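Note that the chains take the letters A, B, C and D in the order they are written out, and that residue 1 is the start of every chain.
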Amino acid sequence: MTARDFQPILTDIVHTLTPDLGKEGQVAQYIPALARVPAAQFGMALRTCDGHEAAAGAADTAFSIQSISKVFALTLGMREMGEYLWDRIGREPSGTAFNSLVQLEFEQGTPRNPFINAGAIAVTDRLLNSCDPKAAMLDLLSGLAGEPVHFDEEVAASEAATGYRNIALANFMKSFGKLDHDVATVLDAYFHHCAVSMTCRQLARATGYLCRDGLHPFTGQPLLTDKQTRRINALMLTCGTYDAAGEFAFSIGLPCKSGVGGGIVAVVPDTLSLCVWSPALDATGNSLLGRRALELFAQKTGLSVF
Amino acid sequence: MTARDFQPILTDIVHTLTPDLGKEGQVAQYIPALARVPAAQFGMALRTCDGHEAAAGAADTAFSIQSISKVFALTLGMREMGEYLWDRIGREPSGTAFNSLVQLEFEQGTPRNPFINAGAIAVTDRLLNSCDPKAAMLDLLSGLAGEPVHFDEEVAASEAATGYRNIALANFMKSFGKLDHDVATVLDAYFHHCAVSMTCRQLARATGYLCRDGLHPFTGQPLLTDKQTRRINALMLTCGTYDAAGEFAFSIGLPCKSGVGGGIVAVVPDTLSLCVWSPALDATGNSLLGRRALELFAQKTGLSVF
Amino acid sequence: MTARDFQPILTDIVHTLTPDLGKEGQVAQYIPALARVPAAQFGMALRTCDGHEAAAGAADTAFSIQSISKVFALTLGMREMGEYLWDRIGREPSGTAFNSLVQLEFEQGTPRNPFINAGAIAVTDRLLNSCDPKAAMLDLLSGLAGEPVHFDEEVAASEAATGYRNIALANFMKSFGKLDHDVATVLDAYFHHCAVSMTCRQLARATGYLCRDGLHPFTGQPLLTDKQTRRINALMLTCGTYDAAGEFAFSIGLPCKSGVGGGIVAVVPDTLSLCVWSPALDATGNSLLGRRALELFAQKTGLSVF
Amino acid sequence: MTARDFQPILTDIVHTLTPDLGKEGQVAQYIPALARVPAAQFGMALRTCDGHEAAAGAADTAFSIQSISKVFALTLGMREMGEYLWDRIGREPSGTAFNSLVQLEFEQGTPRNPFINAGAIAVTDRLLNSCDPKAAMLDLLSGLAGEPVHFDEEVAASEAATGYRNIALANFMKSFGKLDHDVATVLDAYFHHCAVSMTCRQLARATGYLCRDGLHPFTGQPLLTDKQTRRINALMLTCGTYDAAGEFAFSIGLPCKSGVGGGIVAVVPDTLSLCVWSPALDATGNSLLGRRALELFAQKTGLSVF
């Protein structure tokens, strides 16, 4: 298939889902800055490995990428540190909620994987050893998106003011001696990473290296090795969508990473990367219409790793 | 690649691993009948979708398939019951040991997925509603393997006599009202399923429907639908190798299911199914050399879903 | 106070509670033989250290002592084994349900205390090293009660047939190597201990050694040492009434042990022992009217350890 | 017994324990200000209900009362709020470590009892509804001790800077909506409560109301009702000494509350209150020699609630 073939599929998906906009699910409530985003929005974009793009709906509306940033934080971590990154972070599914402290207590402050909050906080702590994680994130994403990307400072401030669970997680890890840096510094970077504002089109571009064995979608330079890229894709498939990873693997069959801002990125290895967005979430914390859109996409294209 | 191309790769893997035979890992100790299997054995076999086979090492030595039987029990369950099967069984990774009772208590007797022991016991209980699970299993496997397959009654008796953890799991589920049938009857079937004795070559054949969208490898008749088959492959990738699913997804990148008898089956969708076997296990309960063999296979062939 | 003073108090309590008989709570449902006991029954009896008795209501109706037997199993264990008994059993409150398997998994098969089911099963297993626990129990209780005491074989059979949770607990401990004896043998003794049938009057006598520093209420011979007796009283106060020990300590202020048959025994050190019985249980599994009767008794007599 | 009788007993205990000073146990390490307290110190003091005092060893050396403050915070809470206090705090033993987050997650932010850290933080939050908890604490303790009592600001600052686990606990409860006030404000009061500096003699006096049915030891005015006082004593016995409450109940048999500063207060209802102190802790976080001193005291006096 070429990008020309994908465009009608995306248009068709938008057409199919439009009547359902705002009817089900609920926008994330845990911080005020997210709670007031209008639910009835939907966008979708993709970019093929050979550089063609397709988009439909609100593909150019910026939203809070939230946990999708964990993919990029992990990318920065792997690029900066290689295997040393994994010293304090597991790589297995957690079987508990993304913000659970229980497993963290049993495992003495070592998060199960880099895609639960505790894991991404641990990655951010490690990044502080070698770079300025906030600058490095904007730099990476702006390069990948092909245009400047910014933090939504209001969202970051809202997290800092009311993100009690994340503050608890970070202090809990610190109490086990598993954070090297000051809790406030680590959380400031982590909250800013979550508060990056991007569009579907930008995220479809930015995840392009994940379907190209680690090569930068614009420069072709290696961002990660082939093996590191496969590691991220494997983690996305097994741990990328909270406690619905098993269902996503079945019904969509692609490495995905979702965020509570309503975005989901997905990767078809050697073929394309894509992003869907709709703010209303289902009970598992994944975008309700985003998920449905990905299922339709998988059905209509037959693209699946299985 | 054709089967002709695969044969030298398998031969080469056997050659590479032979010096390590019996040097690391430990044969499963929890039942006497498994504990006395000699560690220094290795075999490997594959069968392509178009019916060609390759094999190396002890590919025709029978071993106890143990948890690999969970794939076939699930297949029987899906064929017999469709969606009703999932009433009492989840489909998400567990994040805890395959024989843990903790999550089962928190989730009131509902297992996280059909590939942990509790889940397979629940599948077996459901099978008793519509068939004789022992006869159905031998029938299914004999047909898939193309030759008669048997239970190792000594292994089944050993499980029944000393499989305390599984007896605990079944009674625990029963106490939550989550088993319909008599505990002893359910466990007798479950222990026999685990005690099926098969060779690598037979298992490579028997998993053939998983790389052929559910079509029987010999008859071409649909055993499962395309969608059901994808469901099983997705579950194998996310939950098939105990608490190492994340590592397998990364280092092998194929849907796999392992057993404590030392076997591991793997599926390359639309391409081939394979089986490796070596009795010594690593700390996660997966065959140590089996895992290494699959990694070598993935490296040498480039076959991976990612 | 003398027994003469206590009689009107008991009569008064019966009078006060009679209007409430059968109005609240629910008879234990988990085994059929208990589920059909009529709820609207109440009895109470006490015996002072100097041998006087008082009783009111259905004080001579036999009921299933259930977990009250744990006090006597522990007494047998301490008498037979001394400190060795504690090798595999803790002595701290559990903070989880009396039949939970969670803590047992975290603590590798070692129960938190001898008054949760797992703990009493462990005590019974140890008893099998040196005596016939069933004969020893009847012998002990008949001597303490001053008349022959029997098992209710129907209740024991009901437990054996449907006590899935206890069967799970025993097999779980066995899987950790924490039971020396055959699971079926241990459970047969444990189920019979729970199935002892006694009256309030008999239990008030039988617990007489607990208010007399371990001296037998009839013979005056030491059954336990002073220190061992204090150990049991301390355990009753901290762990004797399931997940309501804190409330009992406050509102009653006496060492108590309850059973799901609706009985509760209580000890006023150096003064008296008593037993109340009413089959309907509250949400914590303690006799609803039994608990209220003990509160009234504590209020009217001012007897409390605090 | 009169205070005249107690003096030689205390002197004798000091004599017995002096050779063991500094030989076993370890001073609390979790904050720097406590970690540098010299281990080889011991003091003991008591005050009878009728106002006589006895003391031995370093009875007039001030130390950090730490968790002993939880008794006084609870007293303030009960006095200010009555039953409303218990809205968000349980009253049962926890079965897990005093600073565990696990049970808090299962019980949605509601602490098991007011003597674990989470429970005392919840009490402090409630106090902020009606008073200035820091001023109220100093006021209460100065009145009870008969002389001005102060915060050790260095200890409070050390807690605020490095008490990560407590910061985690408070933010965790806040994330469940179970704290009304600002986390920093609540923790500031909580850390100051823990940082009160008092001597054994002062604490023996200050706990005087607990052996006098709630009457102030100097003024005789009711501080709490008889019933409220019994509630506190019951909680001290079942939950006052971390995960050693069962052992304390047995070997000492008195309501006790310990702190990681090495102090332990104990109550003999209607008789006396006492305090021991020695900074080196045992594995359960209780003062090692303090515990031994209480055991000797119980043995020599025969005072025990059992």
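Keep this in mind: a residue touches a chain if its C-beta (ideal position, glycine included) is under 8 Å from a C-beta of that chain, and two chains touch if they have at least 3 such contacts.
Here the structure is a predicted model, which is why all the values come from computation and not from measurement.
Asker: If I superpose subunit C onto subunit D using their CA atoms, what angle of rotation comes out, to the nearest 5 degrees?
Answerer: About 180 degrees of rotation relates the two copies.
Asker: Same or different, please, for the subunit A to subunit B contact, judged on whether over half of the interface numbers appear on both copies.
Answerer: Here the answer is same, because the shared fraction of interface numbers exceeds one half.
Asker: Counting only Cα atoms for the centres, state how far subunit A is from subunit B in Å.
Answerer: About 32 Å, centre to centre.
Asker: Could you state the distance in Å from the CA-based centre of subunit B to that of subunit D?
Answerer: Whole-Å distance between the two chain centres: 56.
Asker: Please list all residues of subunit C that touch 2 or more other chains.
Answerer: Those would be 106.
Asker: What residues on subunit C touch subunit D, complex-wise?
Answerer: So the residues of subunit C in touch with subunit D come to 90-96, 103, 112-113, 230-231, 233-235, 237-239, 243-247, 249-250, 253, 255, 269, 304-306.
Asker: In their shared complex, at which residues does subunit D touch subunit A?
Answerer: 100-102, 104-106, 164-165, 167-172, 174-175, 183
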